[in-house]
Amino acid sequence: MDKLINLFVSSGIYQIQLGQAVMIAVGLGLLFLAIKKNFEPLLLVPIGFGGIMANIPEAGLALSAVENALHLGGPEVVQQLSEMLGVSGADPKAIKEAYAMAGQAKHMQVTQMAIDAGFNNGMLYNFYLISIASGAAPLLIFMGVGAMTDFGPLLANPKTLFLGAAAQFGIFATVLGAVGLTSLGLMDFSIQDAAAIGIIGGADGPTAIYVASMLAPQLLGAIAVAAYSYMALVPMIQPPIMRALTSEDERKVAMTQLRHVTKTEKIFFPLVLLLLVAMLLPDAAPLLGMFCFGNLMRECGVVERLSDTAQNALINIVTIFLGLSVGSKLVADKFLDVNTLGILLLGVVAFGIGTACGILMAKVMNKFSSTPINPLIGSAGVSAVPMAARVSNKLGLEANPQNFLLMHAMGPNVAGVIGSAVAAGVMIKFVG
Amino acid sequence: MDKLINLFVSSGIYQIQLGQAVMIAVGLGLLFLAIKKNFEPLLLVPIGFGGIMANIPEAGLALSAVENALHLGGPEVVQQLSEMLGVSGADPKAIKEAYAMAGQAKHMQVTQMAIDAGFNNGMLYNFYLISIASGAAPLLIFMGVGAMTDFGPLLANPKTLFLGAAAQFGIFATVLGAVGLTSLGLMDFSIQDAAAIGIIGGADGPTAIYVASMLAPQLLGAIAVAAYSYMALVPMIQPPIMRALTSEDERKVAMTQLRHVTKTEKIFFPLVLLLLVAMLLPDAAPLLGMFCFGNLMRECGVVERLSDTAQNALINIVTIFLGLSVGSKLVADKFLDVNTLGILLLGVVAFGIGTACGILMAKVMNKFSSTPINPLIGSAGVSAVPMAARVSNKLGLEANPQNFLLMHAMGPNVAGVIGSAVAAGVMIKFVG
Amino acid sequence: MDKLINLFVSSGIYQIQLGQAVMIAVGLGLLFLAIKKNFEPLLLVPIGFGGIMANIPEAGLALSAVENALHLGGPEVVQQLSEMLGVSGADPKAIKEAYAMAGQAKHMQVTQMAIDAGFNNGMLYNFYLISIASGAAPLLIFMGVGAMTDFGPLLANPKTLFLGAAAQFGIFATVLGAVGLTSLGLMDFSIQDAAAIGIIGGADGPTAIYVASMLAPQLLGAIAVAAYSYMALVPMIQPPIMRALTSEDERKVAMTQLRHVTKTEKIFFPLVLLLLVAMLLPDAAPLLGMFCFGNLMRECGVVERLSDTAQNALINIVTIFLGLSVGSKLVADKFLDVNTLGILLLGVVAFGIGTACGILMAKVMNKFSSTPINPLIGSAGVSAVPMAARVSNKLGLEANPQNFLLMHAMGPNVAGVIGSAVAAGVMIKFVG
Amino acid sequence: MDSPSLISEGFTLMLAGMGFVFVFLTLLVYATTAMSKLVNKYIPEAQPAAAAPAPSAAPAPLAQDQAQLTAVIAAAIKQYRANHKK
Amino acid sequence: MDSPSLISEGFTLMLAGMGFVFVFLTLLVYATTAMSKLVNKYIPEAQPAAAAPAPSAAPAPLAQDQAQLTAVIAAAIKQYRANHKK
Amino acid sequence: MDSPSLISEGFTLMLAGMGFVFVFLTLLVYATTAMSKLVNKYIPEAQPAAAAPAPSAAPAPLAQDQAQLTAVIAAAIKQYRANHKK
């Protein structure tokens, strides 16, 4: 009987905190958006599910051994932890802060104590350590994306790289917005936080997760959710901006057919890009290096089986772990914060500004270019491959039913991937 | 010449202990059962082979760096180990015990010393650490099983969940049996050991391995071998019990056709189950959470590629490592013990009692139900998916050649998976 | 402006050292050989690309946290490191040496300090730790190779194992060559280095990497590059030697058709081999154990899905990481050394001697055998599966257009794999 | 639990365990049945994609999607903070 | 090994190594040949699934399977313990 | 950087960042264009496998391959050492 009462007292329903219930609802909401509305389901299904699991009361799936000891351990364990960390009293918050400030040696010592007291890292926390904290998962996904990317349209028209550059202004404008909101006292972001939030404007999931994991891990959940959600929303966010900034005539502009690109050019391109990264921005080397490696495997034609695996089994396995790990950052304490609303707000602004700058850049280029450039392809510079390119195509067809822009828009689209990875490198360099 | 003599002296044939020879024979026996008799070959081939490798003399493949240092190191190394652990004398057994009692910090210190002395973890020991000690492998297999499971028959007839509940009595009766044998002085099991042995009655490999790795890692080899072997033996163990407990007329009972289950119901079911677990039994959250996640990926229809990978590449990779790691627990010292015979005996009893309780529950339900229930489907409640359901179908056809019970029996069959995962959660909660 | 200058100063182009530029060129050269000349592209594409990434200035992708701290940290950090290691002054070379001499406990302490100072392991360094330093990647590749190997031709004519034995003389002659060059003062190899270099003559990539990672990790890059390159060059290295050592008549010898080998024999063979290894050479147990395990999965016929995964998804994933990790050992400091030229020279000598000994052994066997043996199949004993067997076949057809030696040469070919794994075990035993 | 005998520990575990398994699966029977009824009532199969009234033209539901994302999370934060004022 | 010169170490390694490789592969030749003979004698291909005399009806070998599992392990333990009485 | 305000840090990051992104992608435009021109001039598609003059018979390029490997690495080491004599 004692045991049954004990079972009930320690059951979720008795212990649940409001925040956890709310976050479980958020997780269900993400699953709804993913499954019903088709919002980037490959990521949002694992993220949403991971978010629910992370908020199961008393299970501690998303917590480290030390956090579990602090939360579930009796007063004796907490006392030991506070002594070891030199905190007077047993205030969990003070202990957590002291732990965060301590060095690696102390971290290890405290963790050993927590394990000796019978506590362990939660399952999702382990997934997070291995896939995200190590940096491996976003890089492997980037390798897979590289193996899926065809740089043909970009090589046929390299000028479209400028569109991919212009659209990155969304990233940096958002950084400014984030520090502005902080200066106004509305939010509380450091420059690292601002940089990580800005990268949402890159419209590139793995880049956003990689940067956030390095600069602002505590915001990773919100940033990843915003990045993937807005990528799914590109077909709604972009068209009004595109229509507002272009005239009917501009949208009708037909572009000359892309030249044929040889296999050899495609093999050399990832090497050229890698060498440029090596020379100019070593901090972007992991991201762009793995991207180029994936692309080289794709194009070189002699390692089909590796390329296939990078595009299928490997990227799928990594996606499962990455999604669950991002979900583990949706624990109530860290997510239910006014800063999360700020991130959502800034994220959509970033997408908007990036879109607008891409369009405007395309209009400028159209003025100076020998061959006509339809400004609609500028918006594809934010990346969000291939959705943004499809949006450009769709609006082009609306204006002129013979005007197929899809391949033309793929150039800026993949340029946007490179652009935001470069922006990520700059940020890691300066504020990392 | 010295080198050649040295080579012979350190060769396996000179150093082999009887126990190792016996265990190699056991490993070959398991391979025979797997390959020739088709006993769950996906697990028993790796387990059997791992068992042979674990018992190769002098190779230490299944031992930790510390164990290897203790076994292969000269008297100087052993002396150092015993000093570090505060043991007087150099008795290996005393040193092992002192090591087991020591805390994490001491473990690390001793391991560092062993590595400095030139010893390392064996290959299989590393596989074990990563796949089983971390808890990851059984959970990932459960995810894959979830992605392979169709809950349609269960949703068409949710009452069959009661059959899955009743059949778990085999688990708890076996716990009682194990403590009983210990009280009688015949065996020597702690309550944790008894719980881990009982779970064999759950007829669910990954659940059994997960529980055993948490409650009784030293028995893991025997428990996993028993669980998988008896699952393979379900077509022999169940029929006599089923015939004994049912009359010819009962076996002839035809069941009404199952209603159509919509896709939406199938999507909601894993979420309902997850929320119930979250509210009532957080300790079952890792197991059932991953199971539900796999099933949601399967049913939601928008992440086909993740679901495919979970059912194929990922589960296959994990199975290879899991099997070899279980095999690593078949080292002679730990396996060749009278307790192993007890485990084999108790395991078959658990299967029998579970089968009987499922049948009896089905008979009771048939009395009170508006629609007829054939008692033969009760035995499927032990899980052993899909073998137990096939056995029900076979006996049904024997009694009435028009009576196809397979789909009806799939309901209790998958209910049994849930039931034993819940039982596992209760055990981890109470004695973990 | 400051930031832009800072960006340039820390950019690769400003910081690049000559050695790094040279190694990037070597990496590009390897990619050229792999892609254009089809030199073992599955390995040389990742190795070449990894080599380029490893030499990106300032990125430190191939360096440990401690090395990065030493290289990128300010004088304060270096000072702390030297104090911790008890080195007077701040000479990086002295610090590295002191670190290499220190024990595990000190390593951990120094690493913790480096992390506290903001430095981390580079991406490629982590890949190296996980895939090669742990020993896992070569073993898993060997498992996959086992799952791809058909021992039928060997079982039909077990005597061809002698050819696989004779060809290993290339390995040991090279060891002697390496110590000879050292005694002459031309190179500087220890006996461990010599053993690792010799194994190039085994013509077996994973074996070479496994042995090098254990005996001479600092030479791993050069050894792996040599091993894979010479395997690709087998069609050029072998024919002149084969022609020189055989007469036209000998090359014309037709062999009797191979007998049919039953499935059961094929199942038993990996077990027989494993037991022999267990009895005689435990040090070869990891390599040959995993090889036999892969082969048993292939032949037993009941674990198709595991065998498929071992041959596809798993081996491909491991190959990607293994290749990049080997590439990480192509950092300028370690590779640009006269010893590397020595390794390249000795490697080709090893291939040549192995080929010659295989041929000579075949000639001897032809004398004493009841059935005729074409000496051309002897060269296949170096392994380099299946290239060497194809070379034997080609030269046989040149001499006699009706003489198909391919299947006859597959026997010594796979025997060579076993032979070099045994040689590897002996070396690990004696100088490991 | 003041050191019970092993046997009595076994009994307690059996009773608590079977009790809990039955309670849990009974609740699951009810929850599943209720879920199925609700689903078949409100999301019938013929029209499985419409959780909200959205049978209008294409662009309409789009605008609403964006709102949904923010709504999902903003509502969450609002409710949470409302309940956490100290 | 009292510090031999590098060259002599190399020689020893060569002799021991080649010697061992030949011994091992020679034994493997014999073992393989013996295995093949035994297999083809006792488990000929036409009937490859019958290691024990089991050509009767279906249910018979089943009962025997269960026995086999316990037999395999019980025999192992028995033999081991018999040899380990101190 | 003597502790600038957060806003000014943001501005600097924006300027440096956008500046660098444009510089980088501009260089990439030029590099790509140059690469394409060179490739199409020296390695035209009709004959994509011939980086070196190798349109002769089969055995000829083979001998050259072996040289290439050693050449690639030996040249690397030579050049490196030539520049590293202290």
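Every chain is named by a letter (A, B, C, D, E and F) in the order it is written, and numbering of its residues begins at 1.
Going forward, a contact is a pair of C-beta atoms (placed from the backbone, for glycine too) under 8 Å apart; a residue touches a chain by one contact, two chains touch by 3 or more.
Here the structure is a predicted model, which is why all the values come from computation and not from measurement.
Trainee: Spell out the chains that contact chain B while also contacting chain C.
Mentor: Common contact partners of chain B and chain C, which must touch each of the two, are A, E.
Trainee: Through how few touching steps can chain D be joined to chain E?
Mentor: 2
Trainee: How many degrees of rotation bring the Cα atoms of chain D onto the matching Cα atoms of chain F, given to the nearest 5?
Mentor: 120
Trainee: Whole-Å distance, chain C centre to chain E centre, using C-alpha means?
Mentor: Computed value for the inter-centroid distance: 29 Å.
Trainee: Please report how many Å separate the Cα centroid of chain C from that of chain D, as a whole number.
Mentor: 54
Trainee: Hey, what residues on chain A touch two or more of the other chains?
Mentor: If we look for residues of chain A contacting two or more partner chains, we find 3, 7, 280-281, 313, 426, 430.
Trainee: In chain E, which residues are in touch with two or more of the other chains?
Mentor: 13, 16, 20
Trainee: Where do chains touch, given as pairs?
Mentor: Touching chain pairs, listed by label, come out as A-B, A-C, A-D, A-F, B-C, B-D, B-E, C-E, C-F.
Trainee: Which residues of chain B touch chain E in their complex?
Mentor: So the residues of chain B touching chain E come out as 2-4, 7, 18-19, 22-23, 25-26, 29-30, 32-33, 36-37, 39, 225, 229, 233, 235-237, 332, 336-338, 340-341, 344, 348.
Trainee: Across the complex, what residues on chain C touch chain E?
Mentor: Going by the criterion above, the answer is residues 154-155, 158-159, 161-162, 164-165, 168-169, 171-173, 175-176, 178-180, 182-183, 190-191, 194-195, 261-265, 268-269, 272-273, 276, 280-281, 415, 418-419, 422-423, 426-427, 430-431.
Trainee: Given the complex with chain C, which residues does chain A contribute to the contact?
Mentor: Residue positions touching the partner: 103-105, 108, 134-136, 139, 267, 271, 274-275, 277-283, 285-286, 289-290, 292-293, 296-297, 300-303, 305-306, 308-310, 313-314, 426, 429-430.
Trainee: Please give the residue numbers of chain D that touch chain B in the complex, ascending.
Mentor: For this pair, the touching residues of chain D are 5-7, 9-11, 13-14, 16-18, 20-29, 31-33, 35-36, 39-40, 43-45, 48.
Trainee: Please output the residues of chain C touching chain A within their complex, sorted ascending.
Mentor: For this pair, the touching residues of chain C are 3, 7, 10-13, 16, 24, 28, 31, 34-35, 38, 41-42, 45-46, 49, 52-53, 55-59, 61, 109, 111-113, 115-116, 123, 126, 312-313, 316-317, 319-320, 324.
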